[in-house]
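Note that chain A is present in both complexes that follow, paired respectively with chain B and with chain C.
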Partner chain A sequence: MTRKVLIVDDSKLARMAVIKALYSIQPTWTILEAGDAAAALELVQKEAPDIALLDFNMPGMDGLILATEVRLLNPGIHVAVISANHQVEVINRARAAGATFLAKPITAKAVAEFVDGVPGRQEGAR
Partner chain B sequence: MARQPPVMLSELELDALTELVNLGVGNAALGLREMVQEEVLLSVPNVSIVTREQAIANLGQSPAKRLVAVHQNFDGDIRGRALLIFPEAQSLELVRAVVSSDLSLEDLIELEQEALAETGNVLLNSCLGTIANSFGRTLRISLPEVVHGDGSDFFDLTPWPRIDDSVLFIYINFSVRRANIEGYLAMLLDLPSLVTLKELLAQYITLLGGTTTVIPAPDAG
Partner chain C sequence: MNDFLQQFLVESRELAEQATEGLLTLEKSPQDPEQLDAVFRALHTLKGGAGIVDFFAMERALHGAEDLLSAARGGRRVLNPAMVGECLACLDQVLQWLDTIEQTGELPVACAGEADRIVARFGAALGGSAAEAATQPLDHSGKYEITALPADRPGMAAGQLSPRARTLLEAQVALVRESTSVASYGHLASAALTASNVLRSCGRNADADHLARFAAMTSTTDMLSSIQGSLARILGEDASDAHSPSVAAGSQPALPRPETTTRTLRVDAERIDALVRLTGELAVARNALAHLVKLAYTNGNPMEAALKARHAAFEHLIGELQRSVLALRVLPLRVVFRRFPRLLREMSDSLGKPVAVKIVGDDTEADKAIVEMLFEPLLHAVRNAMDHGVESAPVRATRGKPRAATIQMRAARQGDQVLIEISDDGGGMDVARIRLLAGERGVVPGEILGGMTDDEVIDLVFAAGFSTAAEVTALSGRGVGMDAVRTAVERVGGRVSIHSRAGQGTTVTFMLPFSVMMTKVMCVEAGGQMFGVPLDAVVETIRVPRGTLAAVGAARAVVVRDRTIPVFDLAQMLDETGKVHAADDAIIVIAAFAGQHCGLEVDALGERLDIILKPLDGLLAGTPGITGTTLLGDGRVLLVLDIGKLLQ
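Here is the complex of A and B:
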């Protein structure tokens, strides 16, 4: 079943890298992009994505706070926080926010493990 | 209006460089975190190419007048200088955070230069190493040196750089709350290195999938 995936990163290139990895695994999935938290929250409300991949280190609202906000709007969404900052505190905060932690540089293998771990099709999913 | 630097990076190239700096500083923070046993908070990096005058002016905006820098020169396909900079007044706090906190002030002062150099060495090598690895290149990195002064002192050191009035200025703020330490990393490249850097970034962008469409390039085989 095709899924809707939201990718949020202030860096266009970083979004491209995630899209490339995702495309190599699931070429038919719908990809939504946002360059900041406000645009991301709008897309979550309008498009109801199934999965969100959020950069941690962004200007304004960071990816961990965004993860919490996204899950408040859509409790069923599966969230991963991506960061080059691998400190244990950041990883723990991602987990506490109900998100999977993915290390930068992002690899297709890591993205595959995350999306494969997302429970299968949901009845009545859009 | 200030003079424009002779080498400009495109938006995507700046993105790529920022990502590399993020990776490098992320690894560096992991090292510093081990040394201070506390989370190191990092800001979003700011990457720009500016004239040397602008770079000095940027450093001059720091509220602290006297700064201390640990710097290391690097050489290879690109050459330049990386600096870890923080207010001189916090230098002993940093030393206290990385060595045993129950040392006497006398011992701390004695250890200051050495501890600063070693902290800089861990952070700067980690950052430069990550960037060099991402480019698949090797950089020779000099031993760390500790310098006290201000922006013009740091950007005017001999024998390097003979900067052609243009520097890559990377600014990332890091802080350790408990120890009340704040500082930043800066990097300077000379003009030929900036040209090479542009080429390396283009290769890196292709590698990351930064084509203009979402369709990935066919496997190179």
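Here is the complex of A and C:
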């Protein structure tokens, strides 16, 4: 099933790395990109992505706050927060925000584990 | 260079710049939480990028900087100037690495040592522990074999594995394969470190950094798969004799292009230059057309009205094209201004004169050629301001000025020109002293000097060889005076002047054209004088025995490939001393104009130059056969010939 995935990171290089990882496992999925929180929220409203991968370390709004906002707009979305910061506090906050924590640098394996764990959209929900 | 490395370069430079600016602010207000956050974030993203392209040495170096900032952010440390200095030095090293990547298209090899030094210095700044953690003591094996390595190991990029190295690496693979239980964390870490050491001894530092990093992983399963994957790749590549083992991310499947709309394109500067050149040639072709239209008019051609209308439309379009093409080649002045806060900081340190830098209007744009030539002239002006303009702190105190001087760099667009001002709030220029020196050094004869106004006297600092420095200092005294600045600025068609108010400061004003059109010329010598011939008019240059020049009436001609071409002596045409050519061979430039070929005999051929043609003005205005002038690098004026007019 083709999914829509939103990737948010202020570094284009980091977005490229995530896209590459994602593409290697799901080449047919639609990918949306945003470089900041405002653009991300706009895309969530307009495009209703199924999955969002958010960078933790961004100017303005950090990835955890953004995760909460994204889920307020679209409660069904599956969110992962990506961070090089392995602190328990960050991991716990991610969990509290209903997001999965993924460690940086991102690997195809980690992305695969996350997106495979996302349950498929139920037919009845259409 | 792959897309990732390209993006890495672009992003890293931006981030390094942001971090540098932030650090300079932090130096003044070390506890500014916003700046601390901004610098930390920039360093963190920079580090992340290095990780993505597998540049582990840079990642390690930046990790040290990040730790320092992290400590400052958490309130555990207050940033002192030495710490800021370490961070700036680290960013300097990063920029050097980036330059290397840009030149070679690959990650630099053998930079682990530089990274080690940076990490060690950060460790020292933080108090020891971090350095040890980051450099990792590697004493696991118990058996040692110590051999001297040549200090400079050429061919390290190739990094062939010796048979012994292969054996050691294969042993690690075997060890790792057995270590599948959770308790074998230590086995895995030491296998990674051993492999790292083996690789480093073969000069494969990138791979070595890679392996060393795995040893620090927290998850046993991740470490196991990472080590197995890496070693399999390294041994496999070596067996198949791969040539660039240090760039692992080179040949990945092509990326999808999810963006449906691209708002900006990154284009090679050379392609834009080619476009600019072509547009210039189109403008020349248009000029020839204008001549034909005029001919049609004088001959009463019935096509005249139609021709004229088409020509006007053509001319309008070419004008538009020229403007649009030149607008492609603009850069913000930030590109050159941004280097100055850092340089001023150094000057301020070495002179012991505190200074604040104010930059205004750095988003003003100008042609790339202008922006790129500006650095040296601006540096000279800034050095002069720091050296001679700004007073020492005690003197400033007696004059009731703030302790720290202010140097302002301001840019603004004014019509077709770009204005740049470098001003200081120092003591102003010593007019009486300049007057005295100008007289002593014979820059201007005494009687004229007496009648000159203060402003005119100040302008004398631009005269050749003039320098008011009482002693040659490390900063200003580099053997080039303000005359070199004026030459450089005038070469691109700009002007520079100085305004000074005693006790209040000095302002150096640069007025530069927004855009420049480059013309290619070939230099020729005739009658002891150098001339430029526009290259688009030159068909070829030939050297023929003088005997083959046939006299045709009063003139001469030469036969080139069955075609008879009239030959004129360039010196005589220009009323230069019509000396008889003594050499056995005649050097002839064959030029074309409006389909006609003709030969110009010259004494010698010179180099080809890209010049900015200045229209004739002043005394030279209206000189027949000369289309314009340009200043040569040595300050001489090159007259550029108008071949069309010459041949009429």
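Everything that follows uses one rule, which is that the second predicted complex is superposed on the first by the 123 of 126 C-alpha atoms of A that agree within 3 Å, B and C clash if a C-alpha of one lies under 4 Å from a C-alpha of the other, contacts with A are read in each partner's own complex, and residues count from 1 in each chain.
Here is the rule we use: contacts are C-beta pairs under 8 Å (C-beta built on N, C-alpha and C of every residue); 3 or more make two chains touch, one makes a residue touch a chain.
These figures come from a predicted structure and were not determined experimentally.
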item	value
Chain C versus chain B on the shared chain A, clash or fit after superposition	clash
Chain B versus chain C as contact partner of A:M16, first or second or both or neither	both
Contacts of A:T100 with chain B and chain C, given as first, second, both or neither	neither
Chain B versus chain C as contact partner of A:T30, first or second or both or neither	second
Touching partner for A:Q87 - first (chain B), second (chain C), both, neither	first
Contacts of A:N74 with chain B and chain C, given as first, second, both or neither	neither
Chain A residues contacted in one complex by chain B, in the other by chain C	10-14, 16-17, 19-20, 23-24, 31, 57-59, 84, 86, 104-105
Parts of chain A lying in touch with chain B, wherever the complex brings them together	10-14, 16-17, 19-21, 23-24, 31, 57-59, 83-90, 104-105
Chain A-facing residues of chain C, complex	3-4, 7-8, 11, 38, 41, 44-45, 47-49, 51-53, 218, 225, 252-253, 255-256, 258-259
Residues on chain B engaged by chain A in the complex (per definition of touch)	11-12, 15-16, 18-19, 22-23, 25-27, 29-30, 33, 39-40, 42, 44, 134, 205, 208-211, 214-216
Chain A residues touching chain C - in the complex, by the definition given at the top	10-14, 16-17, 19-20, 23-24, 27, 30-33, 57-59, 84, 86, 104-105, 109
